[in-house]
Amino acid sequence: MELKDLRREVSGFARIMTSYDIAELELEMEGLTVRLRRETDVSSPHKVGVGAEAPSEDNRIIITAPMVGTFYRAPAPDEEPYISAGGTVLPGQTVCIIEAMKIMNEIQSEVKGRVIEILVENAEPVEYGQPLFILETL
Amino acid sequence: MSDLSIQKVVVANRGEIALRIIRAAKELGIRCVALYSEPDRDSLPVIMADEAYCIGPGPSARSYLNIANIISAALLSGADAIHPGYGFLAENSYFAEICSSHGIKFIGPNHEVMNNMADKAMAKQLMSEHGLSVIPGTRGIIQDTREAEAWVAEYGFPVMIKATAGGGGKGMRIAYDLDELISNVKFAQAEAEAAFGIPGVYLERYFPGARHIEVQILADEKGSAVQLGERDCSVQRGYQKLTEESPSPALDDNISTAIKNAALIAAKAAGYTNAGTIEFLVDSDGRFYFLEINARIQVEHPVTEFITGVDIVKAQFIIASGEPLPFDQKDVKMKGHSIECRICAEDPERNFAPSPGQISKLVFPGGPWVRTDSALYPGCHVPPYYDSIIAKVVVWGNDRDEAVARMIRALGEFIIEGISTNLKFQQRLIASPEFKEAKIFCDSDVLSLVFGRTD
Amino acid sequence: MSDLSIQKVVVANRGEIALRIIRAAKELGIRCVALYSEPDRDSLPVIMADEAYCIGPGPSARSYLNIANIISAALLSGADAIHPGYGFLAENSYFAEICSSHGIKFIGPNHEVMNNMADKAMAKQLMSEHGLSVIPGTRGIIQDTREAEAWVAEYGFPVMIKATAGGGGKGMRIAYDLDELISNVKFAQAEAEAAFGIPGVYLERYFPGARHIEVQILADEKGSAVQLGERDCSVQRGYQKLTEESPSPALDDNISTAIKNAALIAAKAAGYTNAGTIEFLVDSDGRFYFLEINARIQVEHPVTEFITGVDIVKAQFIIASGEPLPFDQKDVKMKGHSIECRICAEDPERNFAPSPGQISKLVFPGGPWVRTDSALYPGCHVPPYYDSIIAKVVVWGNDRDEAVARMIRALGEFIIEGISTNLKFQQRLIASPEFKEAKIFCDSDVLSLVFGRTD
Amino acid sequence: MELKDLRREVSGFARIMTSYDIAELELEMEGLTVRLRRETDVSSPHKVGVGAEAPSEDNRIIITAPMVGTFYRAPAPDEEPYISAGGTVLPGQTVCIIEAMKIMNEIQSEVKGRVIEILVENAEPVEYGQPLFILETL
């Protein structure tokens, strides 16, 4: 298995853990061990009414791929990325491009937020629903 | 590593047919890419495939009919072919054309042939020119009831009024006299307008007690074609097939041979390639009429596989790779009798309402000459978005009696809990004297027969 | 309601073969009585049968070998026949005799024939008189090493030393020279004394590289017999069969025909009735030697069913009902190639130690021409008391290459969790070049071949 | 289904309930309803250390069929039953006969006890392990 395949698998497992609220996942196969651990705390979205002092995870939102295609961080190879970690985005601002069937689709943020993490490498394929960015809403 | 030019295939479908395609591809050494909607993430085709891409949320329009996402995934995966299965994009010539323009082999006939055959009037015209009897009908859409009256004056009753935009049994009405004709044409036009946004309807002669017979064709891209015998799909409920069998229990050898020959003529006339089905209606006097060509693998292909030993889905890959058929007509030997029952997630007690949900307990029928094609597994979910077929139970016997006894046995050992299914309904149907005597055909009242009442 | 004289059968067995018998009986309209030990209370045969009786606790000696309880249950249930399956009481002529004395038809040959065939020396003598080559060997038990030396002086090396009380691969040793002969005879006598309490051993010529071939016979009680082709059971581990196939990939047509004819002669010479198997050893020069008659349905009968279309278990019921065979030799048409893999609850990494336990996840292989005979279901328990075979995966293909590709595909989609199995071991074996080239035979070093090492 | 078949089924269900410590069981089939309820109290064998004041159920033992056969309460049709409800049995005393393969097998009690209930009708078939008598040990 190549590293890039592994990354896609791990991202898939991470998504399953989020969907089913799983705290730990361990996998062992021939020559491969994967351990994942999530912070599932009182602020879990399944628990209602925790209120004011909820930690910052509550403010996080994930931008996912709305289509299958190739993920690009910048409008062209020699240009600056649309956004970078630590930067701020505004509603309607383009955060990346997904190329599908030779068409460049600009993907916009729906919220105002700070970029916490970029989850996909430039020029990588993404499937529908794959997490691309973690934002902290502002 | 496949010996064929196709090395990697995208399976643009779900459920049992996706699994069927993966099985054939794996036996040929072809790598498989599953495409799936979000609710199908944990489905068996995704588990069994070599790689998988999510192509959208549950509703078909945004996933399994989402051409852009499907083509993108195919390109990203580096696949050289797409198998569309049945339903969804299987008979969409536009999709086939896009595949081809992206250098991806669409596993099916040429998109122009698909387009021609999708135009039912043109297809009938072509077959008529090649000497086949076609269902008598109006040349196209009728403008008003007077045109309907004129046609009926020439061809007689009963007639069926069909919506051009309909299909799969939807938008059909029968008229036995002038009053019914006038009211049903008006009603059908209004209904078609409401249901499909297109009010066009046309007329066809209706044959009470007719049987629905189709012939399986394989045609390679070198010009060779074989037929794999007929299937009798007469047991239907509201134009939806319930069970299919091969050979037909109702045709004598002469008619069977004539229909199979006619099917080969039709396939050649259409320039058809890959696997397809030529559909006929056979009236109670044994006259048969060309209906249409189904340009896809069909739900009921396993009955033909059972009696011929030919793997039709593997043959699709071989043909799509540009190879000649590895056998000719004289190599095709039919043996015994095969029957399929469609098991659906629906509740016969509540007018066959769909019954999605989680499968809590599952034991498939097994043993000799029983094949269960299904993507179910214990604990899996049947999502509400798709066709209700969840399993096909297919049996083979040396003769029809043995096949019927085996089907009764097989359905009896099928355990499926957590959702409602038509399993018991099918059991009663197969065990009925009418089925044993092959007295059920398209317009039989299957419900009253099975439930012992009319509703 | 069955058309046969047998209306209700007791299934005196468990697991997949009990299910197989129930399936055949149900297709014939025969009511089924399952017998079960306490740990088998929730097993599929109990669920599928029409009625069921508990006959004892887990250990076989107190349940499946408990003749008194089995006969009592048969009498209480009002059954008119008992099917013994394989193993347990299947070849116990005393049990067959008791059944008969209670007016219950034992489904198998006459108990006197069983008795005669169980005496291997007598069976060999009989076959030799009817012109068959038999494995050269001492007439009976050898008294001492001098007797062994004398025999070897006449017949030569290598020889196999077998314990009379052994069987199923136990108590066998090979000697290539005089030193080995003397030490192994002594060792074998001591071993047999310790293991079976009977020190008797005898000698047989040993043929390196020989293949294990058996012929399926059906003989009715009117004097007619047919053969259903040969099975090649050469792929073994320590004399335990791993995979079987039909036809043999190693025999040419002349030898195959000669062996099948010899099998019919053997069956008639023995006065054999019902289903049985005539076993032969075929040496590397194509000479074949009668070994023994297996007076039962065999584990590997499905491969023969796949290539002939004959339901062997149904035929057993028909024959036991006193009916003539419904077909003769010329009606038996063989088509294609079939392979079976035995899936066992054992751990190949721990010297194939048994691995009982609860099945946590289970998905059987499926799709075209794949048959999985198994009484497993998700959540069921594999008890520690019985044979480790938990499933048989059987495939058919138009030729051996297709069958091998299909078996690789089928084993690849078999999911079984909760216990250790030999599934991966079988996958590697079937996918090996040696298997594809049919170069594996009884004394091949299967372990080193699969694991790439000797141990 | 005949009443006698039904009884065997119900006895089977009752056994399942005991084996798995089930308190209630309800069944509905075409034209048939079955309801069974068991007292699963603190003296359940699954709970350990309840001790001295355990109610009388703790003293109950069940005599089961050691073989498959036909159950007879008396040595011959015109004779008295070996034991009756309310009576007392001693260790080694014959409580019934099970006929198997034309042989009359005398079944003995292993304990001293009072007969609380007789679970099988005279001349009925019994399978291995089927409960025959409930005794209260003395």
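Per-chain numbering from 1; labels A, B, C and D assigned in written order.
In this section, a contact is a pair of C-beta atoms (placed from the backbone, for glycine too) under 8 Å apart; a residue touches a chain by one contact, two chains touch by 3 or more.
Every value quoted in this text rests on a predicted model; they were computed, and no experiment measured them.
> Which chain is most remote from subunit A in terms of Cα centres?
D
> Distance from the CA centroid of subunit A to that of subunit B, rounded to the nearest Å?
It comes to 41 Å between the two C-alpha centres.
> Indicate the whole-number Å distance between the mean C-alpha point of subunit B and the mean C-alpha point of subunit D.
57
> Once you find the CA centre of subunit A and the CA centre of subunit D, what distance in Å lies between them?
For subunit A versus subunit D, the centre distance works out to 64 Å.
> Could you list which residues of subunit B touch at least two other chains?
Answer for subunit B, listing residues that touch two or more other chains: there are none.
> When you check subunit D against every other chain, which residues touch at least two of them?
As it turns out, subunit D has no residue touching two or more other chains.
> So how do the chains connect up here, line, ring, star, complete, or something else (other)?
line
> Once the touch criterion is applied, which pairs of chains come out as touching?
Contacting pairs: A-B, B-C, C-D.
> Quick one: in the complex, what on subunit B touches subunit A?
Listed in rising order, the residues are 38, 41, 53-57, 63, 68-73, 75-76, 102.
> Could you please specify the touching residues of subunit A with respect to subunit B in the complex?
16, 67-70, 100-101, 125, 127-130
> Could you pull out which subunit C residues touch subunit B in their complex?
Contacts found on subunit C: 19-20, 23, 26-29, 44, 48, 302, 305, 309, 311, 333, 335-336, 361-364, 366-374, 377-378, 398, 402, 405-406, 408-409, 412-413.
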